[in-house]
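Structures for review follow.
Across the two complexes that follow, chain A remains constant while its partner is chain B and subsequently chain C.
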Partner chain A sequence: MPRMVFDQVTKSFGGDPVIADFSAEIEDREFLVLLGPSGCGKSTMLRMIAGLADVTGGAISFDGEVVNDLEPKEREIAFVFQSYALYPHMTVAQNIAFPLLMNAFRPWYHLPVVSAVMKRAIARRPEVAERVAEVARTLELTDYLDRRPKSLSGGQRQRVALARSLVRDPSLYLLDEPLSNLDAKLRTQMRSEISGLHRRVRKSFVYVTHDQVEAMTMATRIIVLDAGRIQQIGTPEEIYGEPANTFVAKFIGSPGMNLIPATAADGRVTDARSGQVLDRGADLADGDYLFGIRPEAARLAADGEAGPAATVTTVEHLGGEVVAGCELGEPDAEAGLTVDLGGTVFIRTAPHPSLTGRGRVRLAFDRGAVRYFRADTGQRVPATRGTPQPQGSIR
Partner chain B sequence: MSYRTVDGAPPGRASAPREAHRPARGRGTRSRRRAGRLLGYAFIAPAVLYLVVFLVVPLLQGIAMSFTDAKLINPTGGDPVGVDNYASTLTADRFWNSLLATVLYTTATVAGTVVLGTAAAVLVNRAFRGRALLRSLLAFPYAMPTVAVALVFAWMYNQSNGAFNRGLGILGIGETGWLTDPDWGMASVVAATVWKVFPFVMLVVLAALQSVSAELYEAARIDGADALNTFRSIVLPHLAPTLRIVALLMTIWSIRRFEIIFLLTGGGPVETTNTLVINVYRTAFSDQNLGVAATVGALGLVVSLAVTCVFLLVERRETKREEAL
Partner chain C sequence: MRLRRVTARLLVSAALLAFALFAGFPVYWMVNTALTNDSELYRTGQDWWPHLERLPESPSTLADVPIGSWLLNSGFIAFGTTLLSLLMAVLGAYALSRYRFHGRGAAAFLLFATQMLPEALLVVPLFALFGALGLLNGLIGLVLANTAFAMPVALFIVKSAIDRIPYEIEESARVDGCPRYGQLTHIVLPLVAPSIAAAAVVTFFEGWNEFLFANTFLTDSEKWPASVGLATFVGQYTTPLSSVMAAAFLFSLPAIVFFVLMQRRIVSGLTAGAVKG
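Presenting the complex of A and B:
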């Protein structure tokens, strides 16, 4: 059960840095998710943890021991691949038993004839057979033990891959986008199965995904990566509620956080394009900011309630709720508003009759959920109205 | 979006005449089908003609000749002798020695080329500096003309001036008659053949190796498999179908290989390399006995077909076993 420390880890391919100054400390038994868009370096990071890729610079430590030069089998890890990497000519039982077989294999077994005899003998050992049966039972694979991977469904293959990693009882589970080849329904089911597995085995998991739903539902801690750099480390709640910068704010959430270019002057925050007041009494120095609000923290203003005017442009019905895109401002000079429409603000709310195409509405924001980001750097401005700082340890 | 029938007519317009003139339309369809069939035959006719003229006719002529006492000086003037040729061939030591030489040559060549070719493929499948150059060098023997290879090896095997004996002489080892000593004749011919042919196996196996997913190697590494176990447990099963096909091809080619054996030993020394094909040639053109040569050829064909059938049966059984799992 290692406590992992990443100390300025870097990885370059032919001089091009893929991971730069990756520093973090991960406690034992965490379910850590490396989250980021395609090509951000998260899989490379996972492969370095596994020992499948060399570390160009810095150090990865497990419980204080630098593991940079250790072979994968010396790291007590299991790895679940995106494509599952099941051995196609072996049955499910043979796939699951393979790590046990290799663990018991001695170099002199390589002698001709001895190899085949010993492999068969190891596979027939009661402890091996019992362990395979136990793991198969845990992952509901008992009925498929004699099948080959090609005759299994995607979900079953995924479970075999998990079983193969589970059978050795490793200290650390590494999972590389394991659900990306499954359909949406199966993905939901497997998410809860993997979370359940983490609770049962009480070991550390490092899980790579670009799917924020997977990250938010399974992680105890998330590292958000972009272009090989850590953007934020934190719990799912911190990452969602207190994004460190505009990348995290936009990347997390569907739709992501609304970021409206705004100007602050004397505590009054106005939309930079339509000139409408977005917030009052904000504890901000005068200057340019990005006014951040999650779609569910924006709503239609009640009758008589003040709020910026907007024009509804898109409406998506999601069953019990609606996601509506609203352009700040109103194309009506007589109403005293500018015709220069601002950016689109998405609101997630209950269905409402006024939410139709080109409908004119007024918006209201949950002021406690408003976050400000510097317009020039994209970094979040320290707490306003007492919002806490993220707890993640970016060193 | 509007759509049309396969004839290009809109659906409504196409269906009405179809109903009204069904018999006429039926005749038209039948004639089109017949024309299509004829066109198919026309396409395969050149290939069929080629096979009949250059394969079936000579084969039948050869089999017919095996029942005559035809001689080289009068190939078409042989008299029927029934199964006398078969009886005399099957009771003579020469045929059985020839069959033994064929089996030895084929077994050794197939084993040598498959093992060496697979090893070379595994080697050049790894990433290292100069890999492309090594691949080209290893593939080079296959590109060389067989006659050139045979002449070069004949020179290297030369008892007094050959490179092998000179090299051994430096080490203080006496001369060996690589192509004249009955103990070494077959081994020398097999070695030259393996050198010439193994690149074919290497290239085919290399193609199969490149279809093994990199993640399988990594999974095996994570599971604690060393290089040898990875090869035996993961790679070799993946290569098995390819190796079976390659072994079949190498077997067929070895049974019927002529040039390199003929140019190196001509069937000697003491007939140790007198394979069935060399035997046919010698019987036909040295002994001038075409009838018996045709008989040996027909028996060789039976051997060749039997081996092929065994391979195909094994292949079919493996395929069925794979499908059952």
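Presenting the complex of A and C:
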């Protein structure tokens, strides 16, 4: 049950840095999700934790012991691959028992004839057979123990891969996008199964995904990565509510946070393009910012309520609610507003008759949910109008 | 409609049967000739139907030659070539497929280069070399010479099969605590078994059909393989065709048996289900 410390870990392939200056401390029994877009280095990071890839610089330690040069086996880990990586010539039972066999194998057992004899002998040992049966029962694989992987469905194969990792009772579970090959319904089911597994085994999990829904629903802590650099470390709530920078703000959420170029002067924040007032009384130094608001914190203004005018451009019905894209400003000079349309603001709200193509609306924002980011660096401005200090650290 | 389908199927079957008979006829004629005596062959003409009643007496035509030891010699060369080639091919293929090292491309090229040189070109240098090493007039030297030609072919057959195994399967085994050589024996070899069987067929026949080196290096007729022994039947004035055919039949038999045994293993699709794909 390790407490993991990453101290300025770097990884380069032929001089090209893939991971740069990765530093973090992860407590025991966390469900850590490495989240980021494709090619951000998250799988490479996981492979370094597993010992399947060398660490170019820095140190990874488990419970204070640097594990950089340890073989995967010596790290007491289990690894679930995106492609399942089952042994196709073995039955489900043999697949699950394989880590136990290897644990009991002595070097000379690997000799051709000896290995066949010893594999059978060890598989028949009561402690091995019972453990395989127990794990198979846990993951509802008992009926498939004599089948080979090719005759299983995707979800069943995934469960075999999980069973194989579970059987050895490792102290750290590493999962590399394990659900990406499953269909949407099965993914939801497996998500809760993996979360349940985490609660049951009470061990540390490191889970790599590009799917923010998986990250938000399963993680106790998330590390958001982009281009090999940590963007933010925090709980799902912190990552969502207090994004450290514009990358996290846009990446998390569907659609992501609205970021409207804005100018602050004398506590008044105006849309940089349409000139409409977005916020008043903000505790900001004069200058250029990005006005950030989550789609669900933006809504249609009530009758008579002040708010920036906008034109509806897109409407997506999601059943109980609607995601509408609204361009700030109004394409009508006679209304006394500028025709220069601002950026598109997405709002997530209940269906409303005015939310139709080219409909003219006024928007209202939940002031407590407004976040400001510096226009030049993209970093969030720590506190405005008494909003709470961020919990997530920025590295 | 049904009639037309049945007719079409009959026509296709008839065509295939004709083709099979055409392809198999030489084998039949070999057996038939082996059971025909020389007077019939050269004077009255050969019957279409084999004289099966002569089967018990047919070995007597080969009584003058040590056909048994020739076949054993051929077997030794063939199995020796197969085992040595496969052992080296599997290890070499795994290294070329899975390790990144300087000179990997050059090593692969050099292995291929052995195939560019005709065997006849190497007879004299090998003769000199084997003479110096004391390998002339022995079967071990022939196993080595044939392995030099057969192994690269086997290596590339096995390498292309290993290349198709996803890395993750071996990495998974590594995480499960399997050492590198264990990954080869537990994971890779069972998955490339069909290709190893195919390579075994190729190397076996390279050794079984050995003629040129044996004819040059071996002086002792007791050590001849069947191929060389068979060639000595051809005399300056007469060739006992029925004896040649009887010996040829015996020479073919082990090769056919070996191929039938191996071809059962040459099945594909074993890696299906390993990874999503």
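Keep in mind that, in the parts below, the second predicted complex is superposed on the first by the 386 of 395 C-alpha atoms of A that agree within 3 Å, B and C clash if a C-alpha of one lies under 4 Å from a C-alpha of the other, contacts with A are read in each partner's own complex, and residues count from 1 in each chain.
In this section, a contact is a pair of C-beta atoms (placed from the backbone, for glycine too) under 8 Å apart; a residue touches a chain by one contact, two chains touch by 3 or more.
Model, not experiment: these values are computed from the prediction.
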Combined model on chain A where chain B meets chain C, clash or fit: clash
First (chain B), second (chain C), both or neither touched by A:Phe62: neither
Which of chain B and chain C A:Tyr240 touches, first, second, both or neither: neither
Partner chain in contact with A:Thr91 - chain B first, chain C second, else both or neither: first
Touching partner for A:Phe291 - first (chain B), second (chain C), both, neither: neither
Chain B versus chain C as contact partner of A:Tyr207, first or second or both or neither: neither
First, second, both or neither for A:Phe251, with chain B first and chain C second: neither
Contacts of A:Pro72 with chain B and chain C, given as first, second, both or neither: both
Partner chain(s) touched by A:Ser115 [first = chain B, second = chain C, both, neither]: both
Shared chain A surface residues [contacts with chain B and with chain C]: 50, 52, 71-73, 77-79, 81-83, 85-89, 98-99, 102-103, 105, 107, 110, 115, 148, 151, 164
For the chain C and chain A complex, residues of the former touching the latter: 166, 168-169, 171-179, 181-182, 185-187, 190-191, 269-277
Contact set on chain A toward chain B in their complex: 50, 52, 71-73, 77-79, 81-83, 85-91, 98-99, 102-103, 105, 107, 110, 115, 119, 146-148, 151, 164
Interface residues, chain A side, partner chain C - complex: 50, 52, 71-73, 77-79, 81-89, 98-99, 102-103, 105, 107, 110, 112, 115, 148-152, 154, 157, 164, 168, 181
Touching residues (chain side chain B, partner chain A) in the complex: 213, 215-216, 218-226, 228-229, 232-234, 237-238, 240, 325
